[in-house]
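Here come two complexes built around chain A, the first alongside chain B, the second alongside chain C.
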Partner chain A sequence: MTEPVLTIKDLSVVLSRDGRANRVLDGISFDVAPGEIIALVGESGSGKSTIGLTLQGLLPKESEPKISGSVLLDGVEIVGAKPGVLRAARRQLVRAVSQDPMGSLNPTMTIGRQMRESGVGDIVDWLGRTGLPDPERIADSFPHRLSGGQRQRVLIAMSMMTGPKLLIADEPTTALDVTIQAQILDLLRKLAREQQTAILFVTHDLSVAASLADRVLVLYAGRVAEIGGVRDVIRNPAHPYSAGLLSARFDFTSDRLRPLPTLPVERSRPRDATNACAYAHRCPIVQEDCTTIRPALRTVGNHSGAAACLHAEQTPAATDTSRTRPLWPESVVQRSAVALELFQISKGFATGAKNFWGVRAPRPVLKSVDLTIRQGECVALVGESGSGKSTILRIAAGLLKPDSGDVSRVDKIAPQVVFQDAVAALTPWLSVGEQIGERLRPLGLSAEESRRRVAEAMELVGLDVGLMQALPSELSGGQCQRAVVARAVVVPPKLLLCDEPISAMDVSLAATTLNLLGDLRRRFGMAMLFVTHDLAAARIIADRIAVLQHGELVEDGDPDALIAAPKAAYTRALIAAMPSLHTELAQ
Partner chain B sequence: MTDIAVVPARHRFNWANFFRRVGWLETVGIAGVLLITLVALFAPWLTPFDPQLRVDAAYLPPTMAHWFGTDEIGRDLFSRVILGVQYTWLPGLGVIVFSLVFGSIIGLVAGAAGGRIDMVIQRVIELFLVLPSTLIALAVVAALGPGLFNTMIAIAIFWWPWYARISRDEIRRLQTRPHVEAARVAGVRGPRLLLRYLLPGAIPSLLVAATLDVANIIMTMSLMSFLGLGQPAPAPELGAMTSRALDSLTVYWWLPILPAVVIFFMCLLANLAGDGIRAALRGA
Partner chain C sequence: MLPYLAKRSVSLVVVLLAMSFIVFCLQSIIPADPARAIAGPTAPAATVEVVRQQLGLDDPMLVQYGRFLSNLVHGDLGTSVRTRQPIAEDVRKYLPASAELALVALVFGIALAGLLALVQNTMQNSGWVKLAIVAAGSTPIFLSTLLLVYFLWFRLGWLPGAGRLSIRRFSGPTGFNLLDGFLVGRPEVSLDALLHLILPALALALPIAVAVGRSLNGALHDVMKQTYIRTGRGKGLSETAIVLRHGLRNAASAPLAMIGLQVGLLFGNLLIVERVFSWPGLGLYTVQAFATSDLPAVLGVSLVFGTFYILINIVVEVSQSLADPRIGL
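Now for the complex of A and B:
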């Protein structure tokens, strides 16, 4: 057998935040063979990014990292190595591609100059190999002239031209449109095969992992829950957590008539789980010994890998829960009453080049859009970045004025918005309860009465009422999103506008959020505009999907009919680009 | 980075956490600023000798009896420095507090109103900023007559526009932030939006600017004293003491050096306290 390019043995990392020490990685061991692609999968906080940072020696100093165990990178020990050794490793052995390519490129240098600094090689040839059209022009341009997908290709070219032994790709496609994502994944796979470069691919998306990786490593709470061949893990998950992740994954075949299956919500993690399974408090098949014995990785009968579960034989198959959940109640769409009507809306932004008089030419973003949402109806607006879908939402919310056209909303209560970045949508210095209660102020309720209403709203969205006095920084990302939703529904509006609320979430959180929104809109008979680039999510939540391309609605129809028989070429491309577990496995 | 779900404890104040977040050097700064303020307030009761009277021979170097030595007419330098802290620190603090409050309010109004009001206020601010500040101060003191209070007025007149500008820019920046937009969507309007959602976001920058300005204010006040426009000569103002005794640096080093060292520590502690306050606000 060939020598592994990376050997990690019993790696533990402790990071501190505000003086509290957290064991972020806890006894991780695995090997990576040359040219092998391993996907690191887990929810946020599972420590998957920390592995990549540890390999590069880039853990933030201010969190006082304490590393133990061993990391052998091509025979060189990284843990406890001198800065010089780490630098040499970063230069020759490991390269990284991050989620935010703009942050990794120097905005003051042309692409060509940056690549020359990065290593020797034929720059134009390498840019061409990543599929960039007109590589000479790209080499001469500055990063801000390129699109997100182009920047990511540049970063990949820059990383691969030095012939690294290991590439760490930390969610490189999360910020990209699905069509671009599929191309980037193909590119990574092709280059890894050509150069025998091993890839550690960090992702929260199991279907992305399935379409790319040879093996998958499921992390939970800083421990390896399961490791094994992609097919084995996806077909026969041995750890209940992997099984849960798989069943929470939704695609075009998920049942949209009932709530999605989800993992139990993480409310708290036991501080000290040294002698217990870290997953015990969420596990559906938990037994007495789970809280007293820490399970070691062991081979499990039904696949080639290993899982850290004492009762792996009882792990439920991923798909057998679907029929037990109750159906959603009947649709409450009122055919006659309109919640939002956009009539021939157009909007341009002055972002073009300055003309002779110093006036910028407006670049049209929306060209005469007509969209009607009936009361109680949920319309999903799908399109890639730059198609103008967020502009429509902002116009509907009254945050932007259209250049021409009419907006009519028939409601006394202003439409509410659920934002993409829930953490940024909460004011950091005000308590969660105060911000939720903000919408009750015009009603002139007594302090006691408002407190009760806020508590009710928090309970409704599944947010611990004890968090009323907490500041947003004390909440996890999922809890912040619940708080934002609670603020939106504490006085239920007739129209709820959701701006990509799940695009930055991991699988189980996204499914939970879709269920929550689906429940609330039926409960209050709210109409909903759901802006997303994820067709699968759109299909699950919406009664109708509208597809937007270059500021024009190109298609509009019933979700299943639209996905089964898309009319517009653009819709077909979107559907083809969606990674799906089942189609990947069928290949 | 990854975020880890923790159950937040109920609101509690924990000194250990405070020190860790703020840093011990910054904590020393905050304590030092409080101490200086106390010394400044109670200076008349803290002086071992009468700072205005001859108590010993002239030009005595520092001894056990006179910690900072004596000056050219035999006054106890330590007592004069203690009183000097009062004469320098309190007016400096006064000017800063006035500029901070007045400037932030003007900036808040400009930033929140936008449009024409913002334009007019900005031009007024620029008018104050382009005027030669020292000349204006001289003119004000010449018109009102020298004295502590008039010096403060003269300095404050050209000090507040800086804060108005910082405050205005911070408010403009905050207004495009998602959380302020979210508050607008939730129906927050008027003074409540200004005071609860916008102003607290501008305070950290303003406080940092203010603490860095303590040194500048002290220097400006010394300059005024040096030109004879500060407090009248016998008043022990630290900057004036330093500048007047500068000639004798090579012979009687303690006369300019020791008051200057006290000024140095006042500025240093103020800057450290500023860093500390910023860290404490960030984590609060």
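Now for the complex of A and C:
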């Protein structure tokens, strides 16, 4: 066997936030062979990104990181290394591609200069190898001229041109369209094989892991829950957490007549799990010894890898448990009553080339769009970045005026909007309760009455009522999204508008949010416009899917019919690009 | 770039028109009488009336303003009541001294601002630096000027505290003594001019340094949290290279705008500083014009300052767009 390029032994990292120490990584050990692709999978907060930052020696100073254990990268010890050694390692051994291609390039420096800074190599050749058209022109451009996918290719070229031993790819495709995502994954795989570069691929999506990685490492609460061949773990998970993650992910085959299966919601994590399994409080097969013994990573019968579970042999197979869950109630769509009607909507933005007087030419974003949503109906609007789907949502919400065409809404209550970035959608200095209660103000309720209504709304969305006085910064991302939803439904509108509400969430949280929205819309008979680039999510939540391309509706129909027999070429491309566990396993 | 400059030139003319109109109107409101000032306090009323007619002060306001504008177009700012010279002539005489002082003060201010921001960024939470900034920022300019003069000139005698040069009678081709010394082959004059410049320029630079420095520090603080800074670190660049190459330029926009604002304040401060240091520039000229109700001179100088303010802000906007390619002109 060849010498591993990365050996991590008993790595622990403690980070402080607001003076409170938090053990983010807890006794991690694993090896990576040269050229191997290993996926790090886990929920938000499981510590997967921290591993990458630790390897680069880039943990934020303000969180006073305390690192113990050993990280041997191509023979160089990273833990406790001097800044000069770490810099040299970053220059030659380990590179990273982040999940934010839009923000990862310096906006005031040309691509060429930023690449030259990275190391020696033929810049134009490398840009071309990542599939970028006209690499000379791109080398001379500034980043804001490039799309997100192009920037991610630039970042990959920038990292790979120095021939690193290890590439850390931290969710490199989450911010990109599905069609681009598949291309970027292919590119990473190709370059890693050519250069014998090992990849640590951080993701929360098991199907993405399956399509790329050789091995998968499942992280939970900073500990390794399970490690093994990616197909083995997916077919036959040994840790209940891996099994839970697998059953929580949804695709084109998920049952859309029932709520999605989800992992038990994480309540308060036990403070001290030194002598316990960190997953015990959520585990469906928890037993007495789980809270007194910390399970070590051990070989299991399920596959050739290892899992940290005392009762691995009892882990339920990740089969569909749909029959045990109740069906959604019957459809509440009122055929006759309209909740929103868009008639021949056109909209352009002044983003074209400047003329002599510095006035920009308008670029059409929507070209005569007709869309009707009936009361109680959920329509998913699917399309890639720049197709105009968010513009439609803004026009429907009354936040933007169309250049021409008519918008008619029946409701006196303004439609409510749930945005993608829930943290940014909450005012940082107002408590959660105040923000939810704000919408009750026109009703002129007594203080006691509005407090009761706020509490009701919070309970409805599954938000602990005790958090009423909390500020948004004290909440997790998932809790923030629940608060936003509670604010939207405290006075239920006839129309709820959702702008990519789940695209930044991990699998389990996304499924929970879809269930919540599905429940609320049925409970209140709300119509819903659900904007997404995720066709699988659209299929699950919506009664009807409308596909938008270049500002025009190209297809519109029942979700299953549309996915089974897509008419537009663009819809076919979207479907083909969706990663799916089933197709991966079939190969 | 060309349409931008065209638009800016138009707005320059509009602003100058408005400014000239406002200052012109002030003449009729302020109860100081230029005719009386020229004729002298003891002259009989008839003499004052003759002077008034000579100056055209009896004509309707609009006629007076029209006359003033047409003169302006021909480079005639009127005649100073006090020096009895054409104001344009006076401005030409005193402008170089003020321009030299203002420019050196700007350079000092920007350099100090950069230093301040870098020190603050490398020494997070340093109480002493913060205290020094608050102290410097809260000291009024007349006090800081007096303190500088008192300690560095009067008590210690390290630097000269009055005038532009130690020698009398020196004139060079540009009027900028710092340059002229070299141009006429007398570098010792340039050195002398520099020594005389340090104290007044420092007094003028302090408020600029504090305002621009805080703005730069704030912007830099935000920029250093951006993902592309982490990309830079991930490439193995040194921290110095990251701050200088990736940080400063991205943080430049807000402090540049602040420089533009500070230039307006700088012109006002020139009056105080030139008065304290007996600096023979436009500031001192204006102070004396105020003291003698020389309104035509005040009006002329205001127009000159206004023009420079707008020109400098055009330079600021151009540099903002040069620093950040996303800002188009």
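Remarks
Keep in mind that, in the parts below, the second predicted complex is superposed on the first by the 585 of 587 C-alpha atoms of A that agree within 3 Å, B and C clash if a C-alpha of one lies under 4 Å from a C-alpha of the other, contacts with A are read in each partner's own complex, and residues count from 1 in each chain.
Everything that follows uses one rule, which is that a contact is a pair of C-beta atoms (placed from the backbone, for glycine too) under 8 Å apart; a residue touches a chain by one contact, two chains touch by 3 or more.
No experiment lies behind these values; they were computed from the predicted model shown.
For the composite obtained by overlaying on chain A, chain B and chain C cannot both be accommodated without a clash.
In the superposed model, A:C378 lies in contact with neither chain B nor chain C.
In the superposition on chain A, A:M109 makes contact with chain C only, while chain B stays out of contact range.
Shared-chain residue A:T427: touches chain B; no touch with chain C. In the superposition on chain A, contact is made by A:R90 with chain C only, not with chain B. In the superposition on chain A, A:A457 makes contact with neither chain B nor chain C. Look at A:S98: by the touch rule set out above, it reaches chain C but stays clear of chain B. Shared-chain residue A:N22: touches chain B; no touch with chain C. More residues of chain A are touched by B (comparison of chain B with chain C).
Legend: residue contacts after superposition of the two complexes on their common chain; A:V224 is shown touching neither chain B nor chain C. Of all residues in chain A, only 56, 58, 87-92, 95-96, 98, 100, 103-109, 117-119, 142, 144, 155, 158, 354, 356-358 touch chain C in the complex they form.
Against chain A, the residues of chain C that register as touching in their complex are 2-4, 7, 226-228, 230-238, 245-246, 249-250, 323-326, 328-329. Within the complex, the chain B residues that touch chain A are 1-8, 10-11, 16-17, 20-21, 177-188, 192, 196-197, 200-201, 283-284.
Within the complex formed with chain B, the residues of chain A that make contact are 18-20, 22, 24, 44-50, 60, 266-269, 397, 399, 414, 416-417, 419, 421, 424-430, 435, 438-439, 441-442, 466-467, 469-471, 474-479, 484, 487.
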